[in-house]
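Report on one structure; see the data block that follows.
By letter and in written order, the chains are A, B and C; residue numbering begins at 1 in each of them.
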Amino acid sequence: MQVSFTTADISAIVQPKQVRGATTEVVRGIASLGSAGAGDLSFLGNSKYRNEVAGTRASVVLLPADYEGEPQPDQLFLLVEKPSVALARLCARIEQLLWPKPAPGIHPTAWIAPGAKVAASATVGPLCVIEEGAVVGERSHLQGQVFVGRGALIGDDCWLMPGVIVAAECVLKNRVRLQPGVVIGSDGFGYEFVAGRHEKTPQVGYVLVEDDVEIGANSTLDRARFSRTVVGEGTKIDNLVQVAHNVIIGRHVILCAQVGISGSTTIGDYAILGGQAGIGGHITIGAKAKVGGQGGVSFDVEPGTYVNGTPAMPYMLGHRLEVLHRRLPELFKRVDTLENLLEKS
Amino acid sequence: MQVSFTTADISAIVQPKQVRGATTEVVRGIASLGSAGAGDLSFLGNSKYRNEVAGTRASVVLLPADYEGEPQPDQLFLLVEKPSVALARLCARIEQLLWPKPAPGIHPTAWIAPGAKVAASATVGPLCVIEEGAVVGERSHLQGQVFVGRGALIGDDCWLMPGVIVAAECVLKNRVRLQPGVVIGSDGFGYEFVAGRHEKTPQVGYVLVEDDVEIGANSTLDRARFSRTVVGEGTKIDNLVQVAHNVIIGRHVILCAQVGISGSTTIGDYAILGGQAGIGGHITIGAKAKVGGQGGVSFDVEPGTYVNGTPAMPYMLGHRLEVLHRRLPELFKRVDTLENLLEKS
Amino acid sequence: MQVSFTTADISAIVQPKQVRGATTEVVRGIASLGSAGAGDLSFLGNSKYRNEVAGTRASVVLLPADYEGEPQPDQLFLLVEKPSVALARLCARIEQLLWPKPAPGIHPTAWIAPGAKVAASATVGPLCVIEEGAVVGERSHLQGQVFVGRGALIGDDCWLMPGVIVAAECVLKNRVRLQPGVVIGSDGFGYEFVAGRHEKTPQVGYVLVEDDVEIGANSTLDRARFSRTVVGEGTKIDNLVQVAHNVIIGRHVILCAQVGISGSTTIGDYAILGGQAGIGGHITIGAKAKVGGQGGVSFDVEPGTYVNGTPAMPYMLGHRLEVLHRRLPELFKRVDTLENLLEKS
């Protein structure tokens, strides 16, 4: 991050309610209160760190409006309604600097099939491929080396990063953000065992990705056997996640890295699946349910519950069993003692 | 799936032995008996769903020849020898419509090294790279942005989907299907620890993929240290699977998503490895053995056995221990009671 | 591996101290003592295989200088100081044959933004993209279809294999080797939950990869929220590994395939993480610590210790508990017996 903001730049972005102190430093980085040094901006986002403010060496500190302390020499306090919102606004500005929205248009090295439709406001970067019948919506950005298959539909304001593949007939709604290397619409893993061989079941459905979904690098989402695999509105998927055919993921779900979801399973709205969790096929994870990291789930999970372990069980039960498991050496000794006592008696 | 079949189209494909009823609907989708509506085709693939046929709202239903019931108004029954085979035939036709075999030839944007050989009947899509000495066989299809390295051999009737990478010297036999983003022939992970540093052991073998293998999106198969890593005939590999150097996978094996196999391990014919299973190095999984999802195996597994858990153990033993593990709270109480009784006595 | 070496070629490479016997075979492969046949070269790298030498059918065998046996007819023994070093030298030669260093220059099909800088000694292969402000150092090799984002810095003598993506502002130092499909600099997975939606926290840091790092196929390394994600000098990362934002990985670390490391965690120098291990966020794995395959770690791990299991615990404790766990059926019976005895008494 090679950024440089004067204190005037920062004030203009975060619009402070009050200003205390001053600094001659230019802001070149962002850091936590404890690790910041000269030239860094820091912030009090969580009140439990309140007593770290007095000692921070940050040059600029974003603070809540009710903060009462005074800055050190060559230090600037900016008091704002919500420091975390002010910080997000600043980061968004940095993001714009790092990744300025490119001008609309199709790069001369991209290959667009004659029957594909690309909105005039969209940007198609170098060496992209857009096949016959595909549509790219308003202001969408295909960054470079992106592949959009036959008849696929990309909505408005999407951002497909380098190496993304959206296979034939798949549909992205609006404001979908796909990190590098994502594959949407690989074939589902379906075979019939006939005469000693696995015969392929054609996978002729598609993948539907709703508004405001983000999907992490190199994750893979399989097309349905027929009908569709769905990722609901606002859901966020981390890197290297596997979503099998005919899975239905609800709205505002969180799938952490390396999660795997087997075929035809349903994930309820607002569910959270920890990293490397594995979910069996043809089951239902209820709304707002939580599966711990590395959890292995083969049965339905009730809405709002928290399970973990393999096989997964309710969190409190698992924790209790884990505590007792660690006391097995003691238990074996106690049984030894009882046996000795009874032998003697 | 934007398909549209008249009942005449469907009859021509599935060749019914007998026809009952009629519908004015055009078939635009395929769905299970329970979820189908007007415009859908459904099927009785498993006799346990037989009593769902009477209530289905599908417009067309594929049924076994011995089915005795009558259709509802505006509903067509097609009686066939095997409904699942008839359905597969229909799906295959849909597949052809969605993904028509492209005309042979090399796309003008592809880059083919002067010393590479591409069969006249093969299709090389946009922005592919084929390096020096590589060979692409009859009717094979490199869809777009595919990379075929120096001296690699692609057999006949293969389908390499977008973003596939087949590195130098690797060999695909015939009818191999690689889903998007597959990497064949990355270096094996081998180092010697010398003077406080990990020195690379050159990985100069290759990967051999036999006939009729399919490999899922973004899976990675490492080349051998020397000699070769092998995937046997008819084996099917799901997404995000890792196969290390010098692994030998037998024929008609199933590797579910996110499986990892460490170096120099052998997997026997017809073995099945569940999702996220991890297999240690230098061991043998016997023919027709089964490893449960998330299982962790560090020892040889006997042919035909079923193991799961980490560390993996025979399924029935693991299940019994799991049941007893859940009874630990009871066991601790029973020992408490015994101790109290003995103290009093 | 289509190689062919005469015995004279091999002698020239390994510089034997002494030669015994002779063969008319040309060496076309390398194999272990037990599996080698005519035309293979083999070697005694580990003294425990010493008694396999007499029976090997290899045409050429590399042996330590103190080996006393005699070759069979049509077999050549080459006595060298260290057979494993001689073998590595031979493999390195094969590597050069398979992957000769390409001539410097930019392939006509690559797209280089006007403001990017590529050293004259570097090689940029077909269909690569290098964005504005990026720099590629001396003798570095971008093999084909590589993407280097805006302002990214690639050092000297790096090798980026096909399909590698280095996103904006990321930095590779020298001699970094990225296997196919690696993604450096995808966005970190960070959201604030506001009014029922996950709002994206901009990820405006970068990834720093130090000297002599190698990263395996399709692995993903996220950029920092701010500041940077770091991979230390000499660290080796296998395939399909996930490294989250703001992770700091030390020097000479080994991450086996499919490892996942959550955000803001620190991995100490020389640590080794087994395949599929999952490391929680905001923790520290000490220097030279070892985490077993599939281990799940949510707490700090002391330097030099070995933990495994989920939740991870010290190896010896885990092993002891595992042994007792398998004895649960016996323990239940013993408690039954005690209860029966007490009832009777």
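By our rule, a contact is a pair of C-beta atoms (placed from the backbone, for glycine too) under 8 Å apart; a residue touches a chain by one contact, two chains touch by 3 or more.
Keep in mind it's a predicted model, so treat the numbers as computed, not measured.
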(request) Specify the contact topology among the chains shown, as one of line, ring, star, complete or other. (result) complete
(request) Indicate whether more than half of the residue numbers at the chain A-chain C interface occur in both copies; give same if so and different if not. (result) different
(message) Tell me the rotation angle, 0 to 180 degrees, that brings the C-alpha atoms of chain A onto chain B, to the nearest 5.
(response) 120
(request) Could you tell me the distance, in whole angstrom, between the mean C-alpha positions of chain B and chain C? (result) 26
(request) Determine the centre-to-centre distance between chain A and chain C, using the mean Cα coordinates as centres, and give it in whole Å. (result) 26
(message) Two or more other chains touching the same residue: where does that happen in chain B?
(response) 127, 145, 163, 181, 218, 240, 258, 276, 294, 310, 325, 331, 335, 338, 342, 345
(message) Quick check on the complex: what are the chain B residues that touch chain A?
(response) 1-3, 29-31, 84, 88, 91-92, 94-95, 98-99, 107, 109, 125-127, 144-145, 161-163, 179-181, 212, 214, 216-218, 234, 236, 238-240, 252, 254, 256-258, 275-276, 293-294, 309-310, 322, 325-326, 328-329, 331-332, 335, 338-339, 342, 345
(message) Help me check something: in the complex, which residues belonging to chain A touch chain B?
(response) 111, 127, 129, 131, 145, 147, 149-151, 163, 165, 167-169, 181, 183, 186-187, 189, 191-192, 196-206, 218, 220, 222, 225-228, 240, 242, 244, 258, 260, 262, 276, 278, 280, 294, 296, 298, 310-311, 313, 320-321, 324-325, 327, 331, 334-335, 338, 341-342, 345
